[in-house]
Amino acid sequence: MSMAEREAERAAAIELHELEKSFGLAKIIHGVNLAVPPGERHAIIGPNGAGKSTLFNLITGKYSPSGGAVHINGQDVAGLKPYQINRMGLSRSFQITNIFPKMTVFENIRCGLLWKMNYRYSFWHLVDRQHDLTERAEEILEQINMTARRDDLAGMLAYAEQRALEIGVTIAGGADIIMLDEPCAGMSTSETEYIVDLIRQVTAGKTLVIVEHDMGVIFNLADRISVLVYGEIIATDTPENIRGNARVQEAYLGSEDGH
Amino acid sequence: MSRIANSPLTAGTRSLIPLSSALPWLIAIAFLFGLPVVFPSGSALTIMNQMAITIIFALAYNMLLGQGGMLSFGHAVYMGLGGFFCMHVLNWVENDGLWLPLPLLPILGGLFGLLFAFLIGGFSTRRAGTVFAMISLGVGELIAACSIIIVVFFGGEEGVSGDRTMGPEFFGIDFAQQQEVYYLSAVWLIVSALAMYLFSRTPIGRIANAVRDNEERAEFLGYSQRNVRWISFCASGFFCGIAGALFAINFEILTEENLNLATSGEILLVTFLGGVGFFIGPIIGAVVFILLKTVLGLYTELWALYAGILFLLTVMFFPNGLTGLIAMHVGPYKRGRLGVLALPYIKMVGPLMVFILSGAAVFEILFHSREAATGEGEMTLYGLTFSSHGILPVAVAAGIAIASFLLLHRLAPQLREAWDAANPVDRRS
Amino acid sequence: MSLFAVNILDGLVTGLLLFMLCSGLTLIFSMMGVLNFAHASFYMLGAYFGYQISAYVGFWPGLIFAPIIVGVAGALIERYGLRRVHQFGHVPELIFTFGLALLIEELVQFIWGKSQKAYEAPLALDFPAFAIAGNSFPAYKVFMIFMAMGIFLVLLYILTKTRIGMIIQAALSYPATVQNLGHNVPLVFMGVFGVGTAMAGLAGVIAGPVLGTFPGMAFQLGSIVFVTIVVGGLGSLWGALVASLLIGWLQTFAAAYNVGMSDLLIALGFEKPLDLANSALRDLWSLTLPQVGPILPYLLMVLILIMRPQGLLGKRET
Amino acid sequence: MNRFTTILLAAGISAATMGATYAADNIKIAFIDPLSGPFAATGKQGLAQYKFAAEELVNKKGGVLGGSKFEIVAFDNKISAKESLIQLKVAIDQGIRFIVQGNSSGVANALTDAIKKHNRRNPEDRVIFLNYSAVDPALTNDKCNFWHFRFDANADIKMDALTDIIKDNGNIKKVYLIGQDYSFGKAVAAAAVKFLGEKRPDIEIVGNELHPIGKVKDFTPYARKIIASGADAMITGNWGSDMVGLGKSVISAGFKNPIFTYYAATDGITKTFGEAGEGVVKLVGEGQLNPPVSDRADAYTKAFKAKNPDLDIGQPRITNVMEMLARAINDAGSATDMVKIGYALEGMEHDSLWGTKVKMRTVDHQAIQNVHILAHTKSGITHDYDNSGYGLKTESTVEMASADAPTTCKMDRPAQ
């Protein structure tokens, strides 16, 4: 390994080393290697059951790996809990909407802000009186175009709005690595366009890792794409090259009947 | 930015404390201090003291159940330990000349409750849900059983007693009289309730809600769910300890009973009855429960049976408790449609009262006919005196109960219609 | 040694009795995901129905009919109470069964009064079966042992050899799958709840004459039953058996031997304080095993939950 | 707090205070004892005896102070000290000035303490505590006070009489002591060790243990130990359900030696022992039912049984409490001046319905009376217990037992 390569790896926002995960006897992830440099929009695609969500959960600390390592901003995260990884500047969304349904939209965003704005476990601040907190939450609401829904209960929102809120909560903490798990699943074309614009806007200048089925979204958004098939990355390249990659055509696009 | 103008933030910048949020507290303070003037009798004070203690305990319990989503079956322990410790402090004051004005005692009780919540929460809050509930049950039973073994601290079967009047006088008050104790409890009630309310508005209070609703999401926002639960648990333990201290001051004795499952279960019952989803829920629950227990208990031995029925009906039909029942009417009130409900309510209230009273009469008559000594078959119920033996009285009461139930059943559709009219389907999305 | 042997038998009786309760509770939990706090209350109902029936027609008809009545009552409560609360989630369900336990105790007091009932073992079994060094072992306890073992074998047969047993077994291993199926098989839920409570009722009929039939009997046993299934592992029938026997023996032996803490402390080289009455540690020195006995199961449970949350033989986390 | 709760509170509290003014003519006596829980049977029996005694011995004879009637008001303390204090407050708030209680010395200790404090803090409505059954010696020794009067012989007095019997039984070489783990159980054990040591130093105490009160669900392991210890006799102070459970287990485990007890009668215990207890169970206590001491006592017992067919006169001393209180009120000429009534009770000598003289010792307010050794038997029983045919027959009597026993009581007396 040359000095230059090592230098590049050290600087990688996310780096996976021979990552493996088994559930009982079933091996889901077979030695994945991947490096995502800072600022890149990286997409992970693959057929159903390829292990995309598992990979997400390994990176974010929900699962612990059976083998190999995950480095975030050059640091090994072995044994760290999700909240510890989050504090290193990584934030994620979920495939199934995962917000606080009994809280208002505003409060959802505010919960996303609390840790990063150093309120942590404070019991000597009153949240309603923290101007910086309120202002920042209002800004994010503006950013995700939900100011009008500020005081509505999150659980009462329409599906697309909930997805947008989820992205808002995810980016609220100001993490520099954002991981989105199928943000456009189950949306109409116009809703998808809206969400893609939103993602592009709120992740500007950040590292983005996204799992998505909608190829239009992927090719529109991603700088590079990794293709995960049966727990292995068979290719990592720019959208154009992936489109032309024969193995990908055969293993993935073929099986999905012309995506 | 017109919306922001309405936010609490800007409202807060105009005046230090907005009147709208301070008003309920001012009313509560005036109410609490006015009560003994209206009801100066000893039994009323006894009831009100019990209420104040139960309210603090229930609010503290709801910090876990309602705000943190943790179901505890052993929460009496923290109140009890705080109380036992205060009892010892009172005895040190009496025997060893420790200088401590009585009004400050609850702080010590709170700290002792906090200490044990910190120790036990260290392992019990690692998980939520059923595991937490089971550990709390186990620890609760463990400590309750220890109370008979560790006589030095718990005093064995007899418990620990002391005298609250032996400390230095507090501005000339020696707290010998019930009324003085009431004012002391009232002050601590207000302080504790306000502190617990404000706690729910702090970052940790908000995140406790978040962890309750979705612990996974909270973890991915940088929060350790275990630490959040632990801190809530400690805070709850602190206020339980305050309630325990007030118990010690009021009753001047603590026994094993203050620690056991029956007490823990009772506070669960109180809190749930009032409504776990509302800050005011436990307050309403405590007031209603103590009234049931003391006032109904004066008239009938069967009060616990009625309380049990009420509790089960609440769980089944009003999972948000009595407060939820009240809150259901806020929507129609805001829409100005409360009037629609008035007529059906008025129509139903009569049959409902008849149903409840005649249903209770069935129980009372049966109970009396079995329990009364030979030759004392006469009983007095609702001002009527009759012989409880024989089938006739039960049959009459049961007949009235069934008839009123059928009437209620016939009136129910009207209420449902009115309810739908008062709550038009409102889906803006 | 003879004391040891007789305690083994006594502990076996206690353990098997516990198991009759735990097996039903485990089945219910596995199928429905609800910890039935009122389970011991059905045990109490069994004892009272058994008493009432035996007052008219003797012990043996009570042995058959009381559990049936309890089972039917259990099934009705599932149908009209629990199923309704199910939609609100597990915590309200737990609270519902907790309230049910309180209400059943009040109802029992209302119907049968507050004092202990003279529910006696049948005359046919009222003789000492054998004696070990002067300690006689009543025939009724022998009957209890055989009864409990019989129940266990029948249960084992149903679970492993019948169709309904297969469904229940599937529920033990794959709760999610069967809970998804649950919408289609509410009858199975009702049935399992009914059978589970009937078994508790049967345990009550059998235990009533020995342990006493009084309104506090449910709460006295209730939390121990909980402890047992948590220790054994929620959802594991074998775990329930192992834990029941373990706790049965633990309690019996702890009460049977007057081992004192002072002996232990002296053996460890500590010196007994001369002025024991005024020592802060006097309780530690005067502690004896029978005193500690009642708390051992809880201690065991807390330790198990901390060390091995899935229980001794459990496969899934609680 | 909102309006709804305000209204409820107002309604509730006014309802609660209404009770206080009800029926002011009667002299009310608060009966604070367990009416629910494991010891409910004992409490209910006591309550029935009080009601009967008040009616027969006081009200039917024209009451006190020229016509005032005694009224027994029952308060269920669930055998809990805390609940007792709550009930005490309720009783005082209702204007009741006489408190009777007996079951559990733990409760009595709490009550006497609370009453002492109450009387000091509220000199205008003092109350008197008539303890009819709690026999922890401390109540008339270190913890004595002017407001407390004990009508039963205390644990030391009873053990003194009991060990007199054991002393003369040469067959007894090994004794097992077992009791409930609280002040009374401990007092019994301590007294047994003391008196056995004095009277029969050769007796070996092969077991001396305490078990949690009201919580043991199966006494079998204890019974096994007792038999395995080879004891020739067992001494226990257990009462209520703890006596039933222990007795049942010990007998079904095959124990055939004497059982010396304080309270092994009525409440289903006599029935439980039945034939197996014949010649085995010996009690120490006051009040002789069999053979009846007089026609009057015989008639009283029969009348009680006619009214309460399922209950027994388990605590004969209750008649002394009622009669002596009535006399004291008449002597004092007031039902409200507690100091006068207290001084009237102090030193009172009374001829009991049960054939003994009762003297309320001035120095410590301990009643001195004849104490009997009673045998559980079927022969010679006029008044059985539990409708079982079995009852208690007086075997021997210690006249005015421990009349000059020392006490550590130092009483602060109010100014007369």
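In this document, chain identifiers A, B, C and D correspond to the written order of the chains, with residue numbering beginning at 1 in each.
Following the convention adopted for this analysis, a contact is a pair of C-beta atoms (placed from the backbone, for glycine too) under 8 Å apart; a residue touches a chain by one contact, two chains touch by 3 or more.
All figures in this text were calculated on a predicted structure; none of them were measured in a lab.
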item: B-C against C-D, pair bridged by the larger set of C-beta contacts; value: B-C
item: Separation of chain B from chain C, taking each centre as the mean of its C-alpha atoms, in whole Å; value: 31
item: Chain A and chain C: spacing of chain centres that average the CA atoms, whole Å; value: 49
item: Distance from chain D to chain A - Cα centre to Cα centre, in angstrom; value: 75
item: Centre-of-Cα separation between chain D and chain C, whole angstrom; value: 36
item: For chain C, residues that touch 2 or more chains besides their own; value: 109, 291, 294
item: Chain B: positions in contact with at least two other chains; value: 148
item: Set of chain D residues in contact with two or more other chains; value: 35, 181, 212
item: Chains grouped in pairs wherever the two touch, ordered by label; value: A-B, B-C, B-D, C-D
item: Parts of chain C lying in touch with chain B, wherever the complex brings them together; value: 35, 81, 84-85, 88, 90-92, 94-96, 98-100, 102-103, 106-107, 109-110, 113, 219, 223, 226-227, 230, 234, 280, 282-283, 287, 291-292, 294-295, 298-299, 301-302, 305-306, 309, 317-318
item: Chain C residues within the chain D interface of the complex; value: 2-3, 6-7, 10, 14, 109, 114-116, 118, 128, 131, 133-136, 138, 210-212, 214-217, 220-221, 251-253, 255-258, 288, 290-291, 294
item: Residue ranges of chain D touching chain C (in the complex, touch as defined); value: 35-38, 40-41, 44, 181, 207, 209-212, 215-218, 220-222, 224-225, 227-228, 241, 244-245, 252-254, 267-268, 271
item: Contact set on chain A toward chain B in their complex; value: 60, 62, 81-83, 86-87, 91-92, 94, 98-103, 107, 110-112, 114-116, 119-129, 131, 134-135, 138, 147-148, 150, 156-158, 161, 169, 173
item: Complex contacts: residues of chain B adjacent to chain C; value: 65, 69, 71, 123, 127, 129-131, 133-135, 137-139, 141-142, 145-146, 148-152, 261-262, 265, 268-269, 272, 302, 304-305, 308-309, 311-312, 315-316, 319, 363, 366-367, 370-371
